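Both complexes shown next keep subunit A, but they swap its partner, so subunit B is in the first and subunit C is in the second.
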Partner chain A sequence: MRKGFIISLAFKNLFRYTRRTIITSIAIAVGIAFFIWIDGWMKGIEKESERNTIQYETGSAQIMDRTYWDERDFLPLRFTLNHPDSMLEVLKENNIPATKRITFSAEVYFGDVSKQIKCIGINPETDNAVFNFKDEKVLLPSSRYLRANRDEIMIGRDLAENLGIDLDAFITADSETGTRPEAELKFRTRLGAYQTLTVKVVAVYNTPNPVINKAIGMIPLDIASSVLEMNGSVTEIAMLFPPWEDVNERIKGVAALFANTKDDLTVMDWKNLSGNPNIMEGKSKFLNIFLFLIFVIAAVGISNTLLMAVFERIREIGMMRALGMKDSSIRLAFLFESAGIGLIGSVVGLAIGAVLNYFMVTYGLDFTELMGSMDFGYRIYGVFRATWNPQTMVTAFLLGIISSIIISFLPSSRALKMEVTECLRYQ
Partner chain B sequence: MIKIEKVTKTYITGDQKVEALRGVDLFIDKGEFLSIAGPSGSGKTTLLNLIGCLDKSTSGDIFISGENVGEKSKNELALFRRQKLGFVFQTFNLIPVLTAFENVSFTLALLSMNGSELKDRTMKILKEVGLEGMEHRFPRELSGGQQQRVAIARALVKDPDLVLADEPTANLDSVTGEEILKLMENLNRKHQTTFVFSTHDKMVMDHAKRLVLLHDGLVTKDERR
Partner chain C sequence: MLKKIFLITMMTLLALEGLSAITADEIIKRLEQNEGSMEASCTIQITDSLGTKTKSFNYTKSAKGDMMLEFTNIEEKGQKILRLEDEIYLYFPDAEEIIHLQGESLKDSVMGSDFSYEDLTKENKFENKYRAVLEGEEDIDGFPCYKVVATAKSRDVVYPKQILWVDKKLFAYRKAEMFAGSGKMLKEMFVREIKVVSGKSVPTYMEMRDPLKKNNKTVFIIKNLKVDMDIPDSVFSLEELSW
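Moving on, here comes the complex of A and B:
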């Protein structure tokens, strides 16, 4: 029997129960639209979180002493990079933007209020090659970027609020001549001595990374080096790789550059540096389970509809078999019919998903009020935006059609298991 | 043409055994217009199903056009039905989404026929059953009698060796039923196609050229007219 006839029959049957076809197609469409929407959203969050982590927190990767990395929770200043400038030279020769930093633990006092923070000594000349704190959008009005060899600090907006700094007064004062709030930093030097440093708050930044806004302060590297008694050593060198390049490959390349040094170094990517690398994988698994459940719901709908369609047509199936139509041809007709429902649902789902995603990409959803400064493991603040993911759209589209076809096997097989005479007698 | 030898058919439902046919012998020649009659439960539909290769006998042999259909596999039987047998059902069993033309040409499409031959043969048989001009109508747009005409055209369009009709007039009023019977008689005469139909309607029996009466799964009367 010609396939064209079977397709034509399937197409006509598709519009036999228009309402049912529409309802089933809607079930598929909703599943696919959700799939595209949620996936685009999650991918958007992940991508933005990645960008915010790299631009404000870690860079693409960092070189550090292996023991420092192993004991990173304590920020041990005795395990450092002792020849950072020669390392930076090597990186520069290899066209890798890099900057040296000193990260240490400190307590910041503002009046009666104090907060435990992670303080970072940054080189104002080179930090901008890797990080993005010089961006005008990031710094609050009247802020001024750090200058070398001055007792000053940049802090995050949330930290400033928590310390009780009057931000309204801060942003209206002149950055050069206006009164700047003063804070006190208390910390232990590399040799374990207690030290205090009074710093002027010259900048308040509001990055899209809540972790940075909440508990990080930045002072000039030379000041940090001096007060911490670092003798020119630093805790890490942060690097920036082009986003289209494979970070792991670049890390291998950087590690190879310093393979012959006496120091026991390690190179860590941004995922490891920002926390538990399994968090994102865990969330991806959760997302997959969620998407699977959406499809199970859609599959139950399709299965139910097709089961009804098949059993309403049992006598017709019996007649076709009596006239000599092969079971495989009858099954094929049902498969084409299901594929048709899947196709309609997929096209509609794709369209709805694309529209939803467009709004999520363009406007996003603002969770500022809901989240406050919480980060949920993602480095995103306020507005959650989606991203376009053509691969997911194609997958969802094909999944809609293929799953419809697979699901149709069960009801058509049940009907074809019956004897022809049984089909003809079926009431 | 059709030789039925000592055919029995037993259905087993749970612990119960029902002997629908208990050793039927029958010979049907080419071109016969034969009615299998009998009360409900006499085994007429069972016999028709066996001749129509829709079911297999418990014992005994059925030969159609020289072939022992009992020895055929499921797929071979489907092919045999497709090529050699035509069916007319009590409830017409037309495909509602296809027009009269498409319902009839469906059987030719099963034989992989297409193009002008398919069209010519379909139009010719539709004209013969009196449905010229109605070929584009869907079943819902046709009366019961017209639908049964489409079913008869569908059975005859492939020029089968045998047409089996299960109570073909049971769903029709008496006038329409009479018309359908006359139509089948004419087609039988013209094409020399063998017609075997089951019935318990006296009017249908009166039209038959041969009447086979069944009772409790046995042939009790075989009368030629």
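Moving on, here comes the complex of A and C:
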């Protein structure tokens, strides 16, 4: 039998049973649209969290002393990089943007309030090569970026609010001549003695990373080095790699650059630096399982409607077989018809998914009120934005068609196993 | 002639004053002579902006300085802290686990108080860490005291400077101030009550506050005090800790 006839038959069947075609296509379309929407959403959260971690918290990777890394929870200043400048030279020769930092634990006092924070000594000249704090969008109005060799501090918006700093007064005062709030830092020097430092709050930043806004303060590196008695050593060197490059490969390359140094160094990627990488992998697996469940639910819906479509036409199948049409041709006609339903559903699903994703990419969903300051591990605030994921869109489109074909195979096989007379008598 | 007699009398008095004058090192030595084995029930009241928390514990200390602390308040009941020389071990009965504190973790606060675990390990003698100078005499709460200014001999000492007011009669602290390297006062301690037991003066009611923080205070009260006891070494062991 000619293929053209079978395709034509399948095509006619598609529109002969318009209501069923529409219902089945809608089931496929909803499944695919939902799949694209959720995947784009989840990927968006992951991507934004990654971007916010790298740009404001860790850089792509950091070099540090191995013992410092092992005891990182306590930020021990005894285990440091003793020759950071020569290391930065090596990185510069290899075109890797890098900056040195000193991270230490401190207690910040403002008026009646005190908070335990992580304080970072940053080099105002070079920190911008890796991190994004100089961005005008990040600094609140009237803020001024840190200047070297001055007793001043930049703090996050949430920390400023928790300390009771009047942000309305802050943003309306002149950044150079206006009154800046003064805070007191208490910390331990490298050798363990208590030290304090009175600092002027010159900038309040509002990054998209809640961890950074909540409990981080930044002071000029030279001031930090002096008050902590670091003698030129630092706790870490942060680096930035191009986003399209494989971080693990770059880390191997950086480790090789310092393989012959006497110091026991380690190079850690942003995932390790921002928390337990196993937790992140676990979250990723959870998302994949979630997406798989969405697919299964959609597949069950499709199979149900296709199953009904085949069984309501068993008498028709019996008649075609009685007229001499081969079983293989009847099956092929059903598969083509299912592929057609899958194609219509996939096109519509792709379109709806793309529209939903467009709104999620452009505007996102604001859960700020609902979530408040709840920490769920990702470095984002309550506004969830999606990202475009062409790979998932193509996969979902093809899955819609292929799964329709596969799902229709079973009921059509069952109908074809019946005797012709049985088919004709089927009620 | 009268002038001569006056001059000789004055010089003699000054010389006698010099002979009888106590030095800062001697004051510190007398202070440390009050140390020894001890058993007591203690209470810490920690007050901050959120309110007051009370913790209680039994305290046992050997003559050589080993120490066992067992919490008796409901929240931390059964938790123990053992100090052996310069080592600190914690025991948590719920987890049935012993944790060895070392390195940077010693800087953590003991149960949210103004004391750190490091404060518990201060085995190194005061005179080894500080250069003490007697700056005069002052009354604290009506008690005449020696005012001793102690400056750290090295840069690894936790408080680079301390000022101590030592009771002239009992040779125990009446007041202490601890300073950061910048000169800012970090802790201020008042001893409101000193008990003399078996010839040893022991502060039994202390108030400590952080001058940088408003509305905070840690009160340390010692009750049922016994000193100079014979305490077997087995009390200060890891077996006893997890028992």
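Everything that follows uses one rule, which is that the second predicted complex is superposed on the first by the 421 of 427 C-alpha atoms of A that agree within 3 Å, B and C clash if a C-alpha of one lies under 4 Å from a C-alpha of the other, contacts with A are read in each partner's own complex, and residues count from 1 in each chain.
Throughout what follows, a contact is a pair of C-beta atoms (placed from the backbone, for glycine too) under 8 Å apart; a residue touches a chain by one contact, two chains touch by 3 or more.
Values in this document were obtained by computation on a predicted structure and should not be read as measured data.
In the superposition on chain A, A:K285 makes contact with neither subunit B nor subunit C.
Once chain A of one complex is fitted onto chain A of the other, the partner contacts of A:K252 are absent, as it touches neither subunit B nor subunit C.
With both structures placed on the common chain, the touch criterion links A:K92 to neither subunit B nor subunit C. Of the two partner chains placed around the shared chain by superposition, neither subunit B nor subunit C is touched by A:R147. Residue contacts after overlaying the shared chain place A:S114 against subunit C, while subunit B stays out of touching range. Of the two partner chains placed by superposition, only subunit C is touched by A:L75; subunit B is not.
Once chain A of one complex is fitted onto chain A of the other, the partner contacts of A:E419 are limited to subunit B, with no touch recorded for subunit C. Legend: residue contacts after superposition of the two complexes on their common chain; A:K186 is shown touching subunit C, with no touch to subunit B. When both complexes are overlaid on chain A, the residue A:K3 reaches neither subunit B nor subunit C.
On subunit A, the surface touched by subunit B in one complex and the surface touched by subunit C in the other have no residue in common. Listed in rising order, the residues of subunit A touching subunit C in the complex are 71, 74-76, 109, 111-114, 184, 186, 188-189, 191-197, 229. By the touch criterion stated above, subunit B contacts subunit A in their complex at residues 49, 52, 54-55, 75, 78-83, 85, 87, 89, 91, 93, 95-98, 106-107, 109-110, 112, 114, 154. The touching residues of subunit C, when paired with subunit A in their complex, are 49, 103-105, 107, 152, 154-160, 178-182, 184, 186, 212-215. Looking at the complex, you find that subunit A touches subunit B at residues 1-2, 5, 9, 12-13, 15-16, 315-316, 318-327, 419-421, 424.
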